[in-house]
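Please read through the structure below; I'll follow up with questions.
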Amino acid sequence: MAEFINSRLISTLLGWFNVDALPADHWLGFVLAGLVHTVLVIHVVAVGALVFIWMERKVSGRIQDRLGPTRVGGKFGWLQTLADGLKLITKEDITPANADALLFKLAPYVSFAASFAGYLALPFSDGWVGHQVNCGIFFIIAIVGMEVFGVILAGYASGSKWSLFGGMREAAQVVSYEVPMGMCVLIPVVICGSMDLITIGQMQAGFFTNWILFHDPFAFVVFWVYFTCATASVNRAPFDLAEAESELVAGFHTEYSGLRWSFFFMAEYGSMFLVSGLAAILFFGGWNGPIPIFGPEILNLAYTDAEIAAGTFRLGGYIANLAGCVNFIGKAVTGVTVMMWIRWTLPRLRIDQVMTTCLKYCVPLGAVCFVGVVGWQWAQLWSPNDLHPQQARISVRERGLIDRPVRTEGMARRAEVVKKAAWAGSVPVQAGETR
Amino acid sequence: MMLLAAIQWHTFFFLLFSLLTCGFALAVVFSSNVVRMAFFLTISLGAAAGLFFLAGAEFVGAMQFMIYVGGTLVLLIFGVMLTAHERFISMKTKAGEWVMAAFLGGGLFLLLVRATLMVPQWNAPNLQRDQVAQSEVHDSAAIGAAVSAYRADSLPSSSAPPAAAVPAGKSVYLLPFEIVSVHLLVVLIGAGYLARAKKRNPGNAWQA
Amino acid sequence: MSGEDFVARLKKRFGAKIAGANLQGVDPWIEVTPDGLVEVGEYLKAEPDLRFDMLNCISGVDYFEPDAKKASKAEWQPHIEVVYHLSSIAQKHTLVLKVILPRWKNNQPGQLPEVPSVTGVWRAAEWHEREVYDLSGIMFLGNPDLRRILCPEDWVGYPLRRDYEMPLEYHGIRGR
Amino acid sequence: MATYTDDPRIVEFDVRTDEMLVNMGPQHPSTHGVLRLVLRTDGEIVSEVQCHLGYLHRCAEKIGENLTPRQWIPYTDRMDYLAAMNMNLGWSLAVEKLLKYELPPKAKHLRVIIAELGRIASHLVGMGAYGLDLGTFSPFLYAFREREKLLDLFEEVCGARLTYSYLTPGGATADLPQGWLQKVEAFLKQFEPVIAEYHALLTTNSIFIKRTCGIGVLPPEMAINYGCTGPMLRGSGIDHDLRRDGEARYTDMYDGYAFEVIAQKNGSYPRDHVYPAVPPEAVLGDCWHRFYVRMLEVVQAIDLVRQGMERYSTTPGDWGQPIKLSTKLPKGEAYLETECPRGQMGFYLVSDGSAIPWRVRARSSCFCNLSVASELCHGCLIADVPAIIGSVDIVMGEIDR
């Protein structure tokens, strides 16, 4: 991105004033690229939260047989969120008397920062990612785990018994749901052999049969377990113990008002989109649409590996990536809508039932499915993904792993197995050749 | 605008994170409110994780975030929350204790500084800037190798045939590390269990 | 069995504790002396053919006429009644018990009249007795926690008594 | 997280925390108005619940000693403001009992129609509010959509939507308007399939079952001993309903009507309609059964309204003019209980011969139903307290009078 700005964008601009072009690694390009990345990511969260607040009102309206906002600003009341935002900004931020002032003021920002930092490693399309962290999933799960600190602090610092209850319940729930969520996230990693989200996305290129969801029955079950744990770890729907209005008034954010309260709200919607985005990438092929329109067979617009390695820019490839980005956001938004749909239909679970579902249902199910997937792969069983594999499974896996000369006997053995295996695809893979 | 190029971003972030880590570590020591201590500890360990990311070890940085700050500190905050009632919240330390702590802390700090200065490579004058790798892509192969009985820092060259690649007698640190963590888990669960109290349930008035 | 022989049956069993009955009105009632109340209650609940296992309602009715002119015309002496409405789920019949008490204990104003509590027999009595104590000023001996239930804890006076004067002010709020 | 050992006397707590007195209400969103509960909790386990009442006390009984019976009708509306029609009916019957007033037969059928429609409206609110207590918002709106249609029907009859003052001693203030019965029939026809929706939304919803089955179990003898009535009683399997077992004056309003008392007799509920099955986890007398009894009573009320409409339109005669404003009450006293949606509501009337009664007493059904709440909430979790109080379905106006 930075080289592209330096070499093409600014140079052509300067060319008009016949000033010589900038060197490719000029620092200006890097600063601008950094700026563009952060602004994009902030907007995804902020605008996303705005859209989701409006969408939640509309979805809940439809489910409850009423219209939701219609008159605020235009046809479908789409300015309703702006009105909410203005109201929240102009409201006074009150700090309760016996609150621990420092922590009380800090808690919403900790919560929002954690949920926002997760977007650093979330790829929106092939290569469109803030920073391609090699252990992408692990990084996101670790960072999103920080959100619980904001809630605990809010619960404690508000000084009232009720918010302490809310804070403690939320902490117990989120921490315990990280375990099954971690297990379910492991399945796509095992299938694709890498924690890098871009690699996982690329593995699922081609027809929708290549999605990990259809890799084998265990992966299919794991998606639903993942989705339950994700809803619980984001404190939504039947698991929203923290702000169980009927018992704890509004849980940990009872004492908050105005802008501080809206930060908690944005953190919730931010992590909701993040978690559904992860679900989209891990199980639904991220930016790959059901039918590979831009793939080699049909329009053949997408970047080829060689172009990616060389980093050249082509408009067709850009459009393919743009379509991928639209695909990804569509899938994530469907995930968010399903969460909202569940919220407005199901009653709330009790704290011990939430814990039992976690410890007695999600964790064992996750473990069984993990063993199932690994067994499925080890025994080379047929999988829907082989219907028409976009490319040999092995080729996209961990580029570094294939090229690296190091051959531990475990990896060597697997390479031989891959060669013989039927599902390695029509084109035999020569060692060292990059697909 | 030229000033922008002069800043060595890498050193800037390094200084930022190290200041954060040490600063909040000191804040933990000097603060009297238990909950604030716990929170400052979270920030300090989070900044330490930032240092790992800066050094390009994303996996270890995420591991630090996940295990230390996400796991251990949540447990610590749980303990603080459940016991932080009026009497325990603010703990005033007497003057005598400060002197003792300063003496002990200072002694350990000097020992540490002495140990670091003795390492030859680190006080070599020609430590160029670019030797420190930016954040080029690493992969988890090294970790995988270490788990299957290889020293992570000195992998054998590819030319050596796989069979001979497992040198006898090379110690691997990972296994003891795992055992210690499982042991820690057992101890924590045991402590939780011992804290349970057997309480006679006063039969409800109707039957009694 | 008709009213008379039911009353005769109770009199035979409890003698002086049954102080009278009025069978003419729409709801016939039997008057019981305070000390015999709990005993009669247990009997009514235990008897297989009576089985009065549900206490519907306890009410305190104050008979007192503040202005002298009407007082002379009234044909009763000032007194206070505690009315127990019982009913039986099994036998599908109802009964009214009354306890006649002086308005003040041995006639010193401020001393509340006393009645033994029937919470031991019917648990429903606990809240009803607290309400009658709170509004009509009758002391129920043996009620687990006899506190005011509808009026605030520190309210003065018993509102449903005929000679009740609204306090001038309560916590700064003007009463009259 | 408490684990229950087999010996119920010993309850093990995970982390020893000292007892906490937690205050729920009086402005708590889930306590149905102004009820203050003080919970003594140890961590999440509630060891004792104390109810503080009186926040809505308006001295209705003291005022009753200065008004004639017809003037006191609006006060009965404000007691159980969700079922005002049934309150008016109770008070009118008590006054007629004292007057030994002979009611024209047409008025009886009119009262049955109005009372049963009031029961449907009240149970709809009870069902919706219970969904709110358990955290789901949608059933509340579905319930109120139907209730609005009912309130429109009541508005046509007596001009008010909540506090009607329509049924008075002697009959009613006005006859049913033209074409009103056809509108009620239309409402009932479109209302019946909607009940299946409510069952799907709540009664057979697995999370609802998890939150209510086996919670707040009320044994039958404790229910009777605490004076619980109505769905609380029938939810514990006691076959008692004043419309069949009440006083003569009340039951002859319903004689000739075919209806069964909704209670689990020898293991099964009446099968006159297709009802969802009782889940295996449900224990007789728990929150689920109380909710289930209310839902079946709505279906039963629809049948009663239909039968009432046929009888009303076929019986000739006057619809029951209200008594004169200052009719002299005979000396004596009268007490009569009627089956209101929340339980048996009793009115006790003592008169000394003048037009103004000497003493007026209202026996509230929720007052006794709530008194058992502390026993039910013993040893439950904090999240169960609203579930139990919601299943008791209390209205504070009636409790505090």
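Letters A, B, C and D name the chains as they come in the text, with residue numbers starting at 1 for each one.
Everything that follows uses one rule, which is that a contact is a pair of C-beta atoms (placed from the backbone, for glycine too) under 8 Å apart; a residue touches a chain by one contact, two chains touch by 3 or more.
All values reported here derive from a predicted model rather than from experimental measurement.
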Message = Tell me which has more C-beta contacts between its two chains, A-B or A-D.
response = A-B
Ask   = Most remote chain relative to chain A, going by C-alpha centroids?
value = C
Inquiry  = I'd like the Å distance between the centres of chain A and chain B, where a centre is the mean of that chain's Cα atoms.
reply    = 27
Inquiry  = Please tell me the distance, in whole Å, between the geometric centres of chain A and chain D computed from their C-alpha atoms.
reply    = 49
Ask   = What whole-number Å value describes the gap between the mean CA coordinates of chain B and chain C?
value = 73
Message = For chain C, give me the residues that contact two or more of the other chains.
response = 123
Ask   = Touching two or more other chains, which residues of chain D qualify?
value = 222
Ask   = For chain A, which residues are shared contacts with two or more other chains?
value = none
Query = What residues on chain D touch chain A, complex-wise?
reply = 1, 20, 22, 24, 28-30, 44, 131-138, 141-142, 145, 201-202, 205, 207-208, 210-211, 381-386
Ask   = Residues of chain A touching chain B in their complex?
value = 27-28, 31, 100, 102-103, 106, 131-135, 138-139, 141-143, 145-146, 148-149, 152-153, 156-157, 164, 167-168, 171-172, 175, 178, 194-195, 398, 400-401, 404-410, 412
Query = Can you list the chain B residues touching chain A in their complex?
reply = 1, 4-5, 33, 35-36, 39, 42, 46, 58-59, 61-63, 65-66, 69-71, 73-74, 77-78, 81-82, 84, 135, 137-141, 144-145, 148, 150, 155-159, 162-163, 165-166
Task = Provide the residue numbers of chain C that touch chain D in the complex, in ascending order.
result = 25-27, 29, 53-57, 59, 61-62, 74, 83, 85, 87, 89, 92, 94, 96, 122-124, 126-128, 131, 135, 148-152, 159-160
Request  = Provide the residue numbers of chain D that touch chain C in the complex, in ascending order.
outcome  = 53-54, 57, 59, 61-62, 97-98, 100, 222, 224-227, 238, 240, 245, 247, 332-335, 337, 344, 346, 348, 350, 352, 358-359, 361, 363, 367-368, 371, 400-401
